[in-house]
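Quick heads-up: structures coming right below.
Look for chain A in each of the two complexes below; its partner is chain B in the first and chain C in the second.
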Partner chain A sequence: MKTSRRDFLKLGLAVSSALVPLPAIAQGAAPRVVVVGGGFAGASCARALHQAEPRIAVTLVEPNATFTACPFSNAVIAGLRELGAQQFTYERVAADGITLVRAAATGVDVAARSVSLADGARLAYDRLVLAPGIDIRWGALAGYDEAAAAQMPHAWRAGEQTLLLRRQLEAMDDGGLVVISAPANPFRCPPGPYERASLIAHYLKTKKPKSKLLVLDAKDAFSKQRLFQAAWAELYPGLLEWVPLSKGGAVTSVDVATRTLVTDFGRHQANVANIIPPQKAGRIADAAGVADRTGWCPIDPVTFESKLQPRIHVIGDAAIAGAMPKSAFAANSQAKTCAAAVATLLTGGTPSTPKLINTCYSLVAPDYGISVAGVYQPSPGGQLADVPGAGGVSPADAPRATRAAEAVLAEAWFRTITAEVFG
Partner chain B sequence: MSRALVAAIGLASIAAAAAASAEPPAGAASCSGCHPASARVASPVPRLAGHDRAAIVRAMQEFRSGQRAGTVMDRIAKGFTDDEIQAIAAWFAAQK
Partner chain C sequence: MASALINVPPRAKRGEIVEIKTLISHVMETGFRRTQVGAVIPRNIIRRFVCSYNGAEVFSADLHPAISANPFIVFSTIATESGTLAFEWTGDNGFSVKETAAITVE
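So, the complex of A and B:
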């Protein structure tokens, strides 16, 4: 690789500032921020904090050595991509000067301002950032527990579950019935179930064309609905059927032994069943007392500080972020906003009012992308609200060339964001 | 010296440094979700760091008014005021 003069200067700068000794006093008193969770939200926040103020001692707590990303995991399920393309390590994050602790956080002592780890160790903090993503609400759907997920995968946290669903589809005979159960709001990645349905339909159309795909939905409306439905009518007629809540879509229980999904209107016996179950904030949020009765975490929209506990900030899927959806894009955007606010608070300043962006691309087919975008700001009511007149979905009447361009932009987005978070 | 005093002096010296390093203006931190911050990322979406300030302002205003077509920038630019666009453009233009 050729190193340009500019790169060289940058490297030189980075090295020299790292070597300049801090005054002893500042060293002793460096404020400590602990970030729990090394996903899109947590890893972004740790890096942005360090960048904003290198003298803050940033510790990132994450039990896994490898992070497996959910965006584009639907393409893995459909056999269009390998799981390795979803996996990232924390080497570059550590190289920034962030202390990595490979452990799960198990508790928070709010009064003592410390986080406890699975091995009993404690980490003291001046400010704590919780970014644990989601946990499944096991048992909220009758019959669906951790053992059931080994037969009827959720694949809503990427990794072995993603591969299991893919293997089940590959093993299914042509002419089989695939059923997806989509949950009520709110949940991780609002367009995710419909992107998944699209790409599984693409797999069936090209590999097992006598098969059928049924989407049983606990809702009557979903993200980018008109665009998805128009594309389904064009690309997958007769193959993909969506059943809304009002037509009996809500799954009330599952029977693992017979792979049956039960609704108020009937029973569907599937050859492959994908249950996208009800969710809540990662369990450390409960342990820290920052989750409310909904299972998610109310926050201040300027600083992302918990409305329930002082000095604890919550970002990413775990947070109740008003109009912002639970997406990797939003998690990264919130992380940078939160990092700036935390750095300002730790140095005695007043955080300024932020503006945030979200964009979620979805693939309806490998060369057919659509998007939804939004711009957000704190509302007088203390929520993150849509900036009126901004955002929206891709045009309904766009030509196929635009859909192809958005599919290319979707992949570019994934490369860009994962490079910022892990690269 | 008391611990609290040590902490206060430490924070004060950090505060002075923080004032010197400009915090991104509202909205600017979200642009790098698509416009790569790093020159090492291959993307059809251009980097904004070091771009001409007036060119960024013009592009944003044209996306916002619909004068310039885009796949997504029209929807995003509509969320920003002239003042915000000016601040964001100045911030990116000042980067290397």
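So, the complex of A and C:
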């Protein structure tokens, strides 16, 4: 089946033009949708819901007044950017007419269709959207608990951890060893560990050139691998070493007291250790009963409704979205699809089969960007699958001018998506 | 570059059970896959792994097409005396890798 670009662009708008009577409105009450989580997925979904059908009462539940974005936070670690450039508030979201509730959601009563908050209050919903992002799976890596993260930061949820890793790098003497541990799939931001390695290598090359960076990986393959490895050979030879699973790279435990990372075949004592640990869906997913044994949330790829609980939708990093990566753009794309589906379901309609997009830029150096794009649709097997022939990665043998242009596009990508979600 | 990694405790007490880890790089091509034009991709697997302790076999394994790439084999033996552990992987297409590791038993 071919979809023209015009049809494709219309998909996200299809619902807003369908001003059919809402069953619930006919009975005198606006349908209520509660969105839990104010990240790229949740904030996008709340706004898209309101845009799709202003008669829906949309409530966004988020404990933090400020959102700190992960994309580009690797540049903060490398001293190329300040954390403030990563931070956004919800003022414009609220100005849309979305009710903001500054609280942590702690539980879901599926039968009563209500969300409970940390202060004991309850919010009733007709449909619930969970966008809780990730939680660290503490203890999954032996020796790595919340106390350990204060010594060996994960920096995988942007904020204080990001600054901690940056301070540790700044405090390290020239000639030190930095070690990054990258987890097995799935995890938030598949190219993230390798962008981080690149930008830390850039920092070391320019500020502490006698130092070394070791990436211990629980995988043999990763996102944009050929592009990263070609760039590393060009920019950071002898400085950055990647050790894959098949060469004994999987970290099996850590010793916080000595800042040591242990693999099946060796021990690496680091001056700065960045542990990117195993992850799972944010904890409200467990409380709502939408996470399966993997720790992530199986969903219907057309509506993003949970396969485990009715009337609860899961979007963003927490969802099992087949071929779609856990990225900010994917979260935003899923949020729009889910919002359209929820609005359609609340009007008694049947959601149309969606197509979703992801684009993702990585910086290998401040003036060296690479990207990947993908298009996805539900497969007959009920998963989101790559649309064959769509998408792709940056060319392998592009000139440096192309890489420099992609670095500029990466910044534009960030400005655009954050303006859409929070601006 | 060695294609095999071995982890043997350098020291052990006599009679202690020691854990030995090995990891070898190998594609472990099953022989059941076909190319895009339908030709069978020939089987290329490690068929046998043997560990000898001062000349006596203490562990061996036959490997089959269902074993995934880069076999990671962990086993244990009893530290009896100081000496050498010898490891050998053999397989299709004349594949043969030998490694040794020393152990001191106190």
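Here is the rule we go by: the second predicted complex is superposed on the first by the 395 of 423 C-alpha atoms of A that agree within 3 Å, B and C clash if a C-alpha of one lies under 4 Å from a C-alpha of the other, contacts with A are read in each partner's own complex, and residues count from 1 in each chain.
Please note the rule applied: a residue touches a chain if its C-beta (ideal position, glycine included) is under 8 Å from a C-beta of that chain, and two chains touch if they have at least 3 such contacts.
As the structure is a computational prediction, the values presented were derived from the model and not from experiment.
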Superposition on chain A - do chain B and chain C clash or fit: fit
Chain B versus chain C as contact partner of A:265, first or second or both or neither: second
Touched partner set for A:391, first chain B, second chain C, both or neither: first
First (chain B), second (chain C), both or neither touched by A:247: second
Touching partner for A:278 - first (chain B), second (chain C), both, neither: neither
Chain A residues touched - chain C or chain B, whichever exceeds: B
Superposed arrangement (fit on chain A Cα atoms) - minimum chain B/chain C Cα distance in Å: 22
Interfacial residue positions of chain A with respect to chain B in the complex: 6-7, 10, 23, 25-26, 28-31, 48, 52-53, 55-56, 329, 332-333, 336-337, 340, 343-344, 346-349, 352-357, 359, 371, 373-375, 377, 387, 389-392, 394, 402, 405-406, 408-409, 412-413, 415-417, 419-420, 423
Chain C residues touching chain A - in the complex, by the definition given at the top: 5-7, 21, 23, 25, 69-70, 72, 74
Touching residues (chain side chain A, partner chain C) in the complex: 220, 245-248, 264-266
Chain A partner contacts - residues on chain B that touch it in the complex: 6-7, 9-15, 17-18, 21, 23-24, 26-27, 29-45, 71-72, 75-80, 84, 96
